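Presented sequentially are two complexes of chain A, the first with chain B as partner and the second with chain C.
This part shows the complex of A and B:
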């Protein structure tokens, strides 16, 4: 009996979810920019996931500084390695670092921002005071100094370090969202119905800023790519030879920018970074389309 | 009249406003004593800023009084156990003025109505859907299947207010505090909402506290009920609606009634509001003595501007806070 009723309730919920998904898909197809962002991102994810199975790893060869050809679409670098293969092999770690950092920054920011915004008072002052201190320190020099003190061993620990230092901006944004949302009458109505603070934060407030949270994941991923590329360019991430930032540095250091034949050597990593960023930014639009009922139902 | 349900004893509410160094204490409610009986309809009327919304929220337990006590069924709500307070919360509900802000924009009508049902286990989980339909039918949103999976932004103001009412009815309240429930709604839909409130009252026999500045809708809602007139955070007159409309005793109430529109525009046009000053005193800087003496046409120097009158029963069930009325009947 109980199981039957449960199945009935869940069945209803599932059919609603399905309907919502169909609605979201239709809205997505209509928004060309959002759709192209999704496509760019899917191409990069496929490149990172299954690219290494099809494209042989870059190996040194005597054919150095080769111009673009069918065999080497972007030419070869100073040790004769295929640049296209290097870009493909660099994608996986770039995607991992972008999304791990994006997700971690957002989790920390939502947790601290919601607590500070909803509770206010003393808790708010402490959290935001700490955020202000972190915000006041310039990020890149800080990483330069940290690179001397700590050894960056792998991409996940690097992502965690970036997250631990970069949450304040997002936390401030979430806090202000919570500050304005908690004054709305429906929060008071929920309180009157006997819901406690945790239930109100989880069921009333967070769903209201869900599109905003997901967009923040993407924007923070964009930020992470900038930071990682910059650090690699400056030579602080020693464990990655196929990193786009390192490729950029090598292309620059070997003067390829002054030669027409090796033009693609420097343009390939720049193009990869620009396209991935563009894909992510347009994809954040798609998230808005999917998760905001107002946009989704077209009103 | 039923038995005492809610009793307010010497309730004061004050807020601190202003910056770090220029904080001022504002007395929003002063010395409110009020008994609300089971099943009655009580109107709270007054100008904007007189504290009627604050009083409603104090009764609902949303604002804690600075001093004084609120008894619900004889128990002080600040001294209740967690379970008792949760019961009080459920039984005393508040209908917000603005239906555009009182519904969560990302939840469907079904989610809005089913959450309290599931939380308080009001119906068996298998019957939640039927109960939601029943609630929608109860508030006149028919057929329910048309409204169940809509989002608030797809509903009109009147429909939203009905959903807000349905959400309140889902927890089976004993007291409903309605804070100007029709002021933000299209004029054409107002009468529907008021009629619905009356129907729900008749069906469930709940107590309604109707907060308004509009005496016409008040009369519609509580023909047999009582009404309390508020001025600058204090209560100036408390009596039956009919008596208030036909025989107002406090000068403020008399002037409030004379401001009502007449069907004949000539009468309205030639009406004079008999006030010494049109400006309502600032609530931050209250005048001494009777708070109305700065505007009252009958104020006597030396009495009205010195001592604040108490709310006294001048006739059976007719309480007035005015020196002159007391003197008149002595």
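This part shows the complex of A and C:
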């Protein structure tokens, strides 16, 4: 029965999506901001995916602090490596860590938020108590201290650590969504039909907030980029040599701000970080336009 | 028990105080167990360091480590834990492993005021202006001003604080050259004498402008968006329509009906904002070389000065919890519904 209900729920959603796909696409084309977000993100994904096949990896050369030229669009850095190549090679790992962390945070937040919001009572108090404690601890100092005590070995363990400590904000939001959803009539109907809590959460509640979950992944990815580039800037994650945060640190530490010739050296990683953050933010708006008909019609 | 005492014990402010203290105790415990129980924990590492570098006998190294970290290593762990708790609440956070064993609390007393000054001012300015702008554009929703500010706010909300700090230095210090670099570094100029004199205070304000500006720019967008959303939903309430129908002046409706009710849901976000801004001080202070607690934490981390690291981490967390407690009490004053349960 549960499986049939699942197929029905998702099948209905799918056919509705098909019907609305054309409409959503038109709305997306008309919304310039959402569209530009999509374009920025596509550019970064292409850069991260196929860029390394066309652009040779950055290698040290005697030509240091070169100004922008055709051969080096953004010039070269303190050890003669091409800055544009470093940006391209840093994109892949940045996108991976942003989305892996974004997905991890969202999974934990949906799980804990749904349990707390739906079950309420004692369980709710315990989960939200944990959330309150984590929220009171400033994240960046916490990561800095943990980085001294634990050695971060690779991207995935770093992503796991960030998401294990950064779920409370999103969990709170999901909890309040579940709190209002569980009072709705269709949930009451499912309960009367004899479905248990797990089935109601999986088949009734989560499909209803699916667009919201996707948007949350993107917003958490924005947060992950902030934390990862900050940690890289402060020299905490040494395994990422092409990370934009490390480029930023090198450009800052080697005094490029005092030299106008190497203006692009510092502006390249700044631009990359800002554009990716902005692209993701506007992309979350595009998701809203696609999934939420109320946004499409302008409320 | 008299009725008065009972009402105090059940009051909102008192319950919140209990909650704040519980969170502080949990954080102090976590910090104790991380430092004491981790494999290769700092205390053991320090003993090994003393033994190998100064060829100290084990007992002497152990005694020295115990003095530095403010723990008694010969006692069972639970007794160490209780002792550590008591020490923390008496303000004894151990001693620095460098600087001739300077007490951590003295280091904190030296650096914390700068951070509280800049972060606190930044938070207040950003909150007040964010609330006002958010409310103003909610009244003009759909207009060109509204859409411009909304988009600008969400952009500002996503640009990392260290990038704003760097851009301020690059643009004003380097590219335009309107601000001397010496004003973008440190907390005051080297040619003034610290104390209550005009040149010193002027210098302090000049040096604080850019860090404060960074905090304001990176957080104001969030407040604007929250207040806008909150005000719009309040404006749709029936009691606003009724107030208008009663012929109340619009200014009174705006302050006592709309403003007061729209601010309430925003207070919940205070926790996140305070923690974020205090955490960000590590980055902002390192870029402006501002001698606050964030910069000192970074130095301690680079030196692996564990007692200082632990102490500063605790102080930052306690500061966040204290700021939240103040926000909670203010919330209770604004919203009479939650004052009495």
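Observations on the structure shown:
One rule holds for everything that comes next: the second predicted complex is superposed on the first by the 267 of 299 C-alpha atoms of A that agree within 3 Å, B and C clash if a C-alpha of one lies under 4 Å from a C-alpha of the other, contacts with A are read in each partner's own complex, and residues count from 1 in each chain.
We adopt the following convention: a residue touches a chain if its C-beta (ideal position, glycine included) is under 8 Å from a C-beta of that chain, and two chains touch if they have at least 3 such contacts.
Here the structure is a predicted model, which means the values were calculated and not measured.
Within the superposed three-chain model, A:33 lies in touch with chain C and out of touch with chain B [touch as defined at top]. By the document's definition of touching, of the two partners only chain C reaches A:281; chain B does not.
When the shared chain is aligned, chain C comes close enough to touch A:139, but chain B does not. Chain A makes touch with chain C in their complex at residues 33, 132-133, 135-142, 144-145, 148-150, 169, 222, 226, 229-230, 233-234, 248, 252, 257-258, 260, 266-267, 270, 273-274, 277-278, 280-281.
Contacts from chain C toward chain A in the complex involve residues 19, 23, 26-27, 34, 38, 41-42, 151, 154-155, 157-160, 162-163, 166-167, 169-170, 173-175, 271-272, 275-276, 278-280, 282-283, 286-287, 294, 297-298, 301, 304, 309-310, 312-313, 316-317, 320-321, 324. Contact residues on chain B toward chain A in their complex (touch as defined above): 60, 62, 86, 89-90, 93-94, 96, 98, 101-107, 115-116, 119-120, 124-126, 128-129, 149, 151, 153-154, 164, 167, 171. Residue ranges on chain A touching chain B, taken from their complex, read 1-2, 4-6, 8-9, 12, 16, 184-186, 188-195, 199, 203-204, 207-208, 210, 293-294, 297, 299.
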